[in-house]
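Below: one structure, written as structure tokens.
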Amino acid sequence: MADYDLILEGGTVATASDTFDADVGIRGGRIAALGTKLGSAARTIDARGMLVLPGGVDAHCHIEQESSTLLMTADDYYSGSVSAAFGGTTTFVPFAAQHKGQSLRDVVRVAHERAGPKSVIDYAFHLIVSDPSEQVMGQELPALIMDGYTSFKVYMTYEKLKIDDAQMLDVLTLAREYGAMTMVHAENNDVINWISERLLSRGYTAPKYHAISHNPIAESEASRRAIDLARLIDAPLLIVHVSTPEAAASILEARNRGLKVYGETCPQYLFLTADDLDKEGMEGAKFCCSPPPRDKAAQEAIWLGLKNGTFQVFSSDHAPYRFDETGKLNAGPNPTFKKIANGVPGLEVRLPLLFSEGVGTGRLTLNEFVALTSTNAAKLYGLHPRKGTIAVGADADIAVWDPTWKRTITHSLLHDNVDYTPYEGREVTGWPRLVLSRGRVLVEGETLHAERGSGKFLDRVPVPPKDPAATLNTPLDPAANFGARLL
Amino acid sequence: MADYDLILEGGTVATASDTFDADVGIRGGRIAALGTKLGSAARTIDARGMLVLPGGVDAHCHIEQESSTLLMTADDYYSGSVSAAFGGTTTFVPFAAQHKGQSLRDVVRVAHERAGPKSVIDYAFHLIVSDPSEQVMGQELPALIMDGYTSFKVYMTYEKLKIDDAQMLDVLTLAREYGAMTMVHAENNDVINWISERLLSRGYTAPKYHAISHNPIAESEASRRAIDLARLIDAPLLIVHVSTPEAAASILEARNRGLKVYGETCPQYLFLTADDLDKEGMEGAKFCCSPPPRDKAAQEAIWLGLKNGTFQVFSSDHAPYRFDETGKLNAGPNPTFKKIANGVPGLEVRLPLLFSEGVGTGRLTLNEFVALTSTNAAKLYGLHPRKGTIAVGADADIAVWDPTWKRTITHSLLHDNVDYTPYEGREVTGWPRLVLSRGRVLVEGETLHAERGSGKFLDRVPVPPKDPAATLNTPLDPAANFGARLL
Amino acid sequence: MADYDLILEGGTVATASDTFDADVGIRGGRIAALGTKLGSAARTIDARGMLVLPGGVDAHCHIEQESSTLLMTADDYYSGSVSAAFGGTTTFVPFAAQHKGQSLRDVVRVAHERAGPKSVIDYAFHLIVSDPSEQVMGQELPALIMDGYTSFKVYMTYEKLKIDDAQMLDVLTLAREYGAMTMVHAENNDVINWISERLLSRGYTAPKYHAISHNPIAESEASRRAIDLARLIDAPLLIVHVSTPEAAASILEARNRGLKVYGETCPQYLFLTADDLDKEGMEGAKFCCSPPPRDKAAQEAIWLGLKNGTFQVFSSDHAPYRFDETGKLNAGPNPTFKKIANGVPGLEVRLPLLFSEGVGTGRLTLNEFVALTSTNAAKLYGLHPRKGTIAVGADADIAVWDPTWKRTITHSLLHDNVDYTPYEGREVTGWPRLVLSRGRVLVEGETLHAERGSGKFLDRVPVPPKDPAATLNTPLDPAANFGARLL
Amino acid sequence: MADYDLILEGGTVATASDTFDADVGIRGGRIAALGTKLGSAARTIDARGMLVLPGGVDAHCHIEQESSTLLMTADDYYSGSVSAAFGGTTTFVPFAAQHKGQSLRDVVRVAHERAGPKSVIDYAFHLIVSDPSEQVMGQELPALIMDGYTSFKVYMTYEKLKIDDAQMLDVLTLAREYGAMTMVHAENNDVINWISERLLSRGYTAPKYHAISHNPIAESEASRRAIDLARLIDAPLLIVHVSTPEAAASILEARNRGLKVYGETCPQYLFLTADDLDKEGMEGAKFCCSPPPRDKAAQEAIWLGLKNGTFQVFSSDHAPYRFDETGKLNAGPNPTFKKIANGVPGLEVRLPLLFSEGVGTGRLTLNEFVALTSTNAAKLYGLHPRKGTIAVGADADIAVWDPTWKRTITHSLLHDNVDYTPYEGREVTGWPRLVLSRGRVLVEGETLHAERGSGKFLDRVPVPPKDPAATLNTPLDPAANFGARLL
């Protein structure tokens, strides 16, 4: 019997810290050894000239999910996971999204029903908590966290999803107590609605007004508020899809102070601007997402944030809607900016875009790229070290990356179920030639080898503080820090 | 006939900018001349060795006003104005406070009915807008501004008073368009309630928990949010009764950026701390106000803010409740901290406290003292140059101040209708010997000369931007600053 | 006999704080009264429609002074003071400049010899201390301060003038002890020389390289260093001619912290840019000054600094050199940028430029204009309240200002002895119609009424801390603040 | 023949990014494989329950080096390297220190003569450049960089070592051009000397005055200045032994802006304070180092800096002097604070102290510990990936760390040649049980196995920018960033 099921031979391995030449020996779906002259293998694949990277972890994507208006995304778990795989992403964490009145347990059950039979890559679920009722907060959510659903997102905007500040404090407190991670979509709902109403009432309805209605101040304000609430509770907080220099600065300032505040950004904030929404006719609808792309100065600030420690996570926020009546234009052929389905696709191009424009230009090191696209998300969401790195014992989720492969992004190249890409025509250098999931070849060149449903659900282990009980019962001292005592 | 009705002779006049020796000639209630050898006068008062200061303008006090729980203040316009006068304050601007459902016009009418027959000093009214209904925003408020009620306060906390962010944007927009000043009580309502509920549910009910429930973050957060909203609209904003270093820093940062953001603080944040709330039994109730006094470090930060341009206005936030069943203890002899009437008295001691501890110690110049206690408030609220300075043409509202008069503050010394003072036993140096209102002697030593109702209402003139119409109708440009265009 | 020598009738008086309509009664060269119906006067001047402003105080100008290369300025005390007067400036404070090896006493004597017989406006001298020898620091400077020379400038650049950090600490310590004000030209000498040498060695010699050699970092660095040294000693410091956003930010940050740090800027940093140095041939030499004008963004930052409290003083830094072999081109017709005489004229246009672009556009209030051009300088340099305001007892130094007078700045309009103006062709609105010095008419329209030498020297009174001796002898405590103890 | 020379079995490997269970297979002094079931080995060591960490890299230590007063350190390369090894450090980078007038080549030759025959661990040299003469800058230093001496330190203080700002610009420019790293000791020399002279002249001579003379402002100022100079040149800069909150804040601010500025701190700034210098008699001399330990608040700020990305490197700044006439007291038994030999030992306890108080308390993760003590220094100084990590191909420099080993630090425990430790009596948990260098067992428990001189010199490869020539010859554009163009 061979020593290994598979050996990747002669490649250059990169982790979030190191880059080194090594063969990778895989056994039982896991990385069994890194080294040279490792021994025999049932199969050997030549990786010379290639980078051997941990498969991407996309921690923010909407797959087979109803929006707040109950519109279903274009991608289900099959097309979504296949598209991810072709882009080098081997783990994703879509949302199990609660709508008001729903049981979180039901929501999770449905997510499993959707993902289980279809996904070709491994997955976990973030919960979306939009209705923190007594039932949810008192029973369902604690139980779900302890069952391994250790992250959830809350919204500060969208009428049907948003929670108020008191509910946010409840959520943060529970997250702290049980050891979960709270993600937040931080935009001030009143600001956006107030501007939108004025715009609509004056007849400003074109897609570009979407960007105007989501004024940068809406995002800056809500980001700071969310940080303040997390600071009060002394709970970790991750602000998703950051688009503005000010919000980035607030996150960095919090991190500088040592707060457990984290930031995420996405390709659309590096590569698109609000001008893209101002195209002929409804064409701008293709670029409508929230927060919207901003301007060139914001792009520079976001790039800086990837370098200076503002952002730990680079996700796609893949929210796939076709440019037709099933998606972007579901409210009619000429909807106001408020009725355009909200979101852009990006699951497959996330890694190639950042590699090409980040590593290729010298803005980011290869190790920073690995950290931003894979390792950090795995760590923050409890998937590391099983996912997110090339290390002994880790799942053999690997992108064998050709750093010299020049490709022009065009929709037909991609495998999602959307009918356009916002990055149409952009040339990138660097793309995976081979993608492994737990040692199985998922993608080889242009060919998919995965079976529907071969992806597995990943449950996780919450990390509560050492003595949560103690923190709950301590008498209050006026002179003491509130957060440290009340909880 | 004499050249002047009255000449104040031989004193040292101080304005916000200058200090100089001059006689003050008063004619027809106004300052007719400053100089030497001015001529003849019907009456001459010797002011040698005295400072001749503009009478104080107290821009934040609650007089004959129902709280949100409909509790009436201990002071009516008579006792309130008399107390003010004895402390050197010759103008005050109490609130005409709307409760939900009330017509602003009615509220203003009632305020006039209360003040007119009683006040011995001149007065204007800030409106409190708690119910920005269509009627109020579309008709009453614009009309009232144009009638001279050019300032109003909104609350971000108190269930029965608070407005939400969208309403705040409406108010700021209207204020900008019509040229009024928006004041804001900035504390995050959810944060305070959330903490309070946890405290009460665990049995923490003593007065000191009032301070704990009003966590500094509640104030910092709301202050920043209010600034962000004002920034969006490009409207002036004055944050009242600032107590925390962080809120002060946010105001200063906004001012450093050139925003029209202003700050006010009060004696309780310089001279009291949260420890005062932690006295035996219910004694701490005497010090309950919102925001609460903080700690020594906060006091230092507030002093610095008086010096470095954070604060323009030093007001009393006089909110007088007796320490009995008509006031502090109206909910019973042993109320929880949520049921204690909220507020401290301070109208009469405002100037002496700041003079003694500010000018007397060298922390503030005499001119800064005048600016903080009189001139700046008059300017910001449209009363200048009629009030707030010693200048030709100004009303002869003058405090003839003895900078060497040592007094120990004790309740019996004061003229308000409260039965205690939070500054009991504190020794101060400097107090007015003589107070004039429009040339009339109001107070001379320990004697009151004023007649009930001799104070006059001051209407004001709004200062709208030069082309408000233009700003309202300009088409929107995605690249342009929103605030500058939409309004 | 008339009550007054002169009454200015019907104008609008403005101080740093107030604006009011009043007649100004002048007696014995001083303002004797402000008021209406003041009485009789030997002469009455109609000021209706005019602003009655305190004459400008120009606290930074080089008059009849040798540069570090011993080049004499184009203006002597006659042409300089006349030019000042025509622009509404009634007091100036040129430099008595020490060169290495010189006795400060001699320097002061020479300054008096130059100014006394010629100046038509009142004047004081700042010392320039370039050689803080034992003789100077131990004897001359303390004695001079006590004699009323209470301000001095030091240089951090120019080979022949600069002092090092230890000497700066000596100067600051002495200034603190004796109650004087230290001004500093803050640019890092090494940075400028290092860049200059590289430029020259590569053949980059044109005037525009002057601006490149004075990299903004040279100014930012030295400004911060000077502030740090002053902070160590706890001594006041005024940074002159600030041109960069970063230096401005450092001053503001120091002021926000409550340090006694002050800032000055000049017209060239509001109205010129480095592009002006890049004109055909040697034309750019006309705009060479140090620090050099920067760019549009810097201009905006400097304007903001005038509004937000960064700058207290707006001076001309008038350094007049003709564009010929006596001045700019004294080293030959085609000098390298290092050999061009350094400085621009601006004494006469200082007030009109700031009034027109500041008050006229709404950027500054009239009172801020008065403070920046007159009052604050008088206060910081010990001339107030005799100079710098319109108040009873002050010298009757008054600019009767026509706010509607439109003029195009051109060299022939001006009265200095320079043969160009850097502001050629700029249209301004607002100029004095009449200028009084101690009640005498200096300028009336286009006519000069002053006699040579009619200006008087102004001595001043140092303001030492209350117990300088105590601070000198206190034993050192490791835990204590150094600055507060050692001195 | 066995597959491996040595297998470490059953331990938990940690890198700067990952922690995983793996055996480590070593062949030819290098890590040949990480994995399980790796194969046969000539020797197998049981590492169960142990952490398998990359050996420490101490990037700041003074070994067999003359101080600026020509005092030789107590440790030579034998005792120094042995002490390092016992503390888990397997690579160090002492200084080859130039004194004024010396040839750098000679200095390097001497360093090799000293280290080669004695060191038991691998080593490289930082140069100290104190005399950047034409010979040094034009020939020796470029040649040395290209020979692999790619880092050097400069001093802003110490009379005999300091360079001025212009020389610093030369050094930074050369470093940029040739791809070297500049380290800087950042304290303002004038400030320290100025205070020292005042102290000495007043008779304040005890050790504690060392801390007073090195006022925090001296460090803050120089740190900011160094950053400004590096910013001008756009060259990397590493500020060593940072002790103050302000200096730390300046580094972080520079890093937030994306500058290539790095920070180092040391155990003395986490575990000692200025109070330690205030012990009976001369005892305080044991704690004299520069910068000196500060206070508790500074310690907290430095801890925060280890967490928030201010500091990349945690070094010992081991500067060993015995508490006798050969060291601390070489100037006599009772020297003034200026004559005490400057420095504290710390080479052996560096890792245990940080592990115990950092990882043990939860302040730092294990991976952060590895990064701070080993990986980052290896990366910044060009030793990675050969040193600083556990990865295939890396030298097998490994500390097998027992995280549960409780020890009380006392001098007799340590292996340096100093007669005291500043950490006497401190209890720590965590110490290496076994230390490997290139696969050889150096230390096993209390036993040393290394041979004198078995350590090897590590030369390095400079990393110049891609087109240094281009940057040198580009014509200058006034509008362009200077740093990017002139070089």
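The first chain written gets the first letter, and so on, giving A, B, C and D; residue counts start at 1 in each chain.
In the analysis below, a residue touches a chain if its C-beta (ideal position, glycine included) is under 8 Å from a C-beta of that chain, and two chains touch if they have at least 3 such contacts.
Bear in mind the structure is a predicted one, so any value in this text is a computation, not a measurement.
Visitor: Using the touch definition from the top, list the chains contacting both chain C and chain D.
Guide: For chain C paired with chain D, there are no chains in contact with each.
Visitor: Counting only C-alpha atoms to place each centre, which chain is farthest from chain B?
Guide: With centres defined by C-alpha atoms, farthest from chain B sits D.
Visitor: Centroid of chain A to centroid of chain D, CA atoms only: how many Å?
Guide: Once rounded, the distance between the two centres reads 39 Å.
Visitor: For chain A and chain B, what's the span in angstrom between their mean Cα positions?
Guide: 49
Visitor: When the C-alpha atoms of chain A and chain C are each averaged to a single point, how far apart are the two points in Å?
Guide: 58
Visitor: Would you give the residues of chain A that are in contact with at least 2 other chains, written as numbers and ranges?
Guide: As it turns out, chain A has no residue touching two or more other chains.
Visitor: Tell me, which pairs of chains are in touch?
Guide: Here the touching pairs of chains are A-B, A-D, B-C, C-D.
Visitor: Which residues of chain A touch chain D once you look at their complex with the stated criterion?
Guide: 3, 13, 15-22, 25, 31-39, 252, 255-258, 304, 307-309, 371, 375, 384-385, 389, 391-394
Visitor: Considering the complex alone, what residue numbers of chain A touch chain B?
Guide: Those in contact with chain B are residues 164-166, 168-170, 188, 190-191, 193-195, 198-199, 202, 204, 208-209, 211-212, 215, 217, 220-221, 224-225, 228-229, 231-232, 274-275, 277-278, 295, 475-476, 478-479, 482, 486.
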